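Two complexes are shown next, each including chain A; its partner changes from chain B in the first to chain C in the second.
Let's turn to the complex of A and B:
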């Protein structure tokens, strides 16, 4: 009797409650992801005449992208830049993460915080800071002139691809550092002891044990940096000068002064497909720690 | 001991972490082919000692010699000893074969050359056919054996084992004890074995060093340690010992006469520093306490009353009240008779050679049975 009563009662009360818990995330996904995404897809198949968007199906936007060489060329340029940014950021962040994780006996948390503190500072402020470092009367030129290496301030630092790359690298370093550090911290110290015990010096321990075991964090960090650098348009705009037209700027300008939303939507989707493809290809090897690549 | 027979020698080794003395003035010579155990409760310094032999820690003072050569300060990867870690520390990204190949690879031995070695060491630990499994696909006991194989494949001068069976369940642990002992006999390698399990140390070792709070209390064979514990700590840590209080009446060399609650008891193991009139710690093993229904006439016979009888399968634990002091006796199930029931008046008998007398000050060293059990 009792049993049947409780059996009947359960579905009446428990299930709707479970459903209620799911509502916020469903609403969030619906309004902030699914609906805008659907709009973008639809928009990419429309066309624009002057200031009017014509809502009839056409592949013209995609045809335009693939037939006019300027667009793939800018995409390629952006991919190259993103790749070098990701490689440099990894090269800068990995040794630091290694030192903090394995070499420090005290102050680990402090150093970890110092490595991610730039994330707390406004994105724009950091960009402007780099402008004042690289600029004509910037910190870099002042130092070089003070040392006596140059007599006149150099203009080669700002308003070119170098400026974009260095600033993007700086911006992405914490995003590489966090997953790499996490994956290094996860390696049990006894495994390092075992490697040493079995005859491996530090270099061989690193190559044979630490590097393979930190590969998930390394890949995750690499993708973070790559995707961030690929889509950014503010840094190229602020520091890139005439060389600064990246794929992100291209998209941005379609929604701005070009007023060609359908073409912008198509370019955006192309970028999205590339990013998602890279994520999909590497997700298997990446760690789930970043929360970004979880199964 | 000839120097060429010594595999490992510690000379006055001390290790200090901050203001904690982990190991204090440890000296020992471990023979080639010996099964040597470091036994003690957790935090006694046994693992630190092992890590210093491995080269994973450096002693604060003293020297460590491997096969006669001073290796103090030599890094672990240049020492010819290998360790089996408590959590096995197998490389999770390598299969069994690659794990075992690792130490050979570090010696720049090609896979082709290593193959027969890997095969023979796998059959030694009875794990043939598991070459291509990953560590996470193995059970605890199997991982244990792979860790053992990996440490043995290089034929080290000594194998260091840090509580290798700690994570296994009881039956598997007993089985692995046999496996380890057999392997040690077959390969003839020196084993230095860290454990907190006295039974494990007793059944496997040639010699045991019993440690507490960084201090080595006694080094000796299992029989020596069991029959002639050098301190109340060793007496309490190993086996099931009764601790009573008495007063020394007289002594001659190692013979002593004790007043145990008004009765004279003779002991053949009287600590040197005791003087007549001193209060003493009176120790006798539970299985050496003999219970009889009536006086048989010889000396060391005392009246007592049965308080509790606990059946434990193989034997009975019988707690008696002996003139105000409790004493436990273990009676084998085969020797038990129904007259030993609660409330019965009986006599307790000790052999003089089974009674050890320590100064009463040693009482604080005694590890309480109930504490040790948890």
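Let's turn to the complex of A and C:
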């Protein structure tokens, strides 16, 4: 442009010396992310003969995944479970976020903290807690027997899909709460007043104003819950029993007793592609700040 | 409908919402309470619980293996924090203050180790280190931890830098400070609380981490990995005592953290000092 009043055009790149700041993070990225991923991709094209990994290019691992029906079936089962976990977590977290954001005058910060504290409390301790609640001699059985609803302890609570789902929901609730709450807090209260001045009741205001405006946070939370639930392997291992073979522990077993690293690498990359695709949706439809790592 | 009844209806819905919220809070906290109660229980079940005991906690103090694992966790946490403060803080300045195209993509890739399911980072790093014939050791566990603590620091610090804006540093340099001096005397004090908050958060996450560590651990175990091993023999009172201990430590760290994270302390602190000074 030769308009001399136009703003000075910003250069695309800064001076080279500025890039010194970028060296440490690029080194980190290379050695802990990019190169390990390159090795994993290579590994997924190798094959395993007993305990030896044969380094010749083959598509066998991917073919194995798509042709033996058991593997896509496990993936599908995990996708379904992750979907229901994300829906339930959203159903639990959204109303609470709405309440904390709109209904409270005092104690808002305290309740906000109380919602996210479980997020930072040891993941393994929370799993142990659920095992002790759902177990044979667990809290739930004890209470039911004490009330008199049952006479003998029930074994239906632990080591099945229900136990996995409830624990995963428990783990993911704070992940949904944070982005939903952040997006609700961003809604200017004047818009709500405007809606009520125009005669909308609370339900109508919610459906026509609050819900659409909080949609980015809702989508982000939902997606985070979904991806976390899909990729977990310790919860299925600890609470799933024989019913609980999910995609995560299928992958884990390739590195454990099956000792088929090339197949495990292929399964891991399939999970990676699914996760990145779904997470990519947050960039398009979700809120840019998930609110976990930005203050 | 009269205005009064509309308000009454809203009130009612508000109550239902509050009851629902209360139940969700119960759901969130009951499991934590259960762990704590069990850790003080003299018997294995809650039915016959009579009184409280510190027996199990005392037993922990005598378990040399456990104490070793605790020490390992602290070591890993501190090392991971120090390393990720270097990588993360410099990276935060790079990503917020330096102009280059493709920044969004870089941000997204840096975030990956934190938001991807831990199993993916665990297996890629395992394949990487074993391909290079690096034995599973403290080093491999540390690599795993630095992979997710660095994004924590980077994003905590970069959101603080973005909020501050570049004007302070410019002002300092207009007043004759060199870039290094401007950083040490102007920028660093302003991001200090973000650094402390990020360090505490990174340490907490590192201290609790198992999903990635489990892939990268040989015989050198952190506390969560050791606890996971204990679970093979079922839920013993000792498992609850370790859990109770981890819970107490996490909660203390979180409470400490709230003093630093998300508060624009830079704005508040000087003002308080001013008030004190004027009195």
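Assume the second predicted complex is superposed on the first by the 271 of 295 C-alpha atoms of A that agree within 3 Å, B and C clash if a C-alpha of one lies under 4 Å from a C-alpha of the other, contacts with A are read in each partner's own complex, and residues count from 1 in each chain.
Note that a contact is a pair of C-beta atoms (placed from the backbone, for glycine too) under 8 Å apart; a residue touches a chain by one contact, two chains touch by 3 or more.
What you see is a predicted model, and the numbers here were worked out from it, not measured in a lab.
In the superposition on chain A, contact is made by A:209 with chain B only, not with chain C.
In the superposition on chain A, contact of A:125 is made with chain C only, not with chain B. In the overlay built on the shared chain, the residue A:201 is in contact with chain B and with chain C. In the superposition on chain A, A:188 makes contact with chain B only, not with chain C. When the two complexes are overlaid on their common chain A, residue A:95 makes contact with chain C while staying clear of chain B. Using the contact criterion defined above for the overlaid structures, shared-chain residue A:114 touches chain C, although it does not reach chain B. In the superposed model, A:147 lies in contact with neither chain B nor chain C. One of chain B and chain C touches more residues of chain A, and that partner is C.
On chain A, the patch touched by chain B and the patch touched by chain C overlap at residues 201. Across the complex, chain A is touched by residues 54-56, 75-77, 81-83, 85-87, 89-93, 102-103, 105-107, 150-151, 154 of chain B. Residues 10-14, 18-19, 21-25, 27-29, 32-33, 35-37, 39-40, 43, 92-93, 95-96, 98-100, 103, 113-115, 117-118, 120-126, 128-133, 135, 137, 139, 142, 146, 170, 173, 201-203, 224, 227-228, 230-234, 238, 248, 251-252, 255, 261, 264-265, 268, 271-272, 275-276, 279, 283, 289-290, 292-295 of chain A are the ones touching chain C in the complex. Interface residues of chain A, counted against chain B in their complex, comprise 188, 190-191, 193-201, 204, 208-209, 212-213.
Chain contact summary for the complex, chain C toward chain A: residues 6, 9-10, 13-14, 17-18, 20-21, 24-25, 27-32, 34-35, 38, 44-47, 86-88, 90-91, 93-95, 97-101, 108-120, 123-128, 131, 143, 146-147, 150-152, 154-156, 158-160, 163, 194, 197, 201, 204-205, 207-211, 214-215, 224, 227-228, 231, 235, 239-240, 243, 246-247, 250-251, 253-254, 257-258, 261-262.
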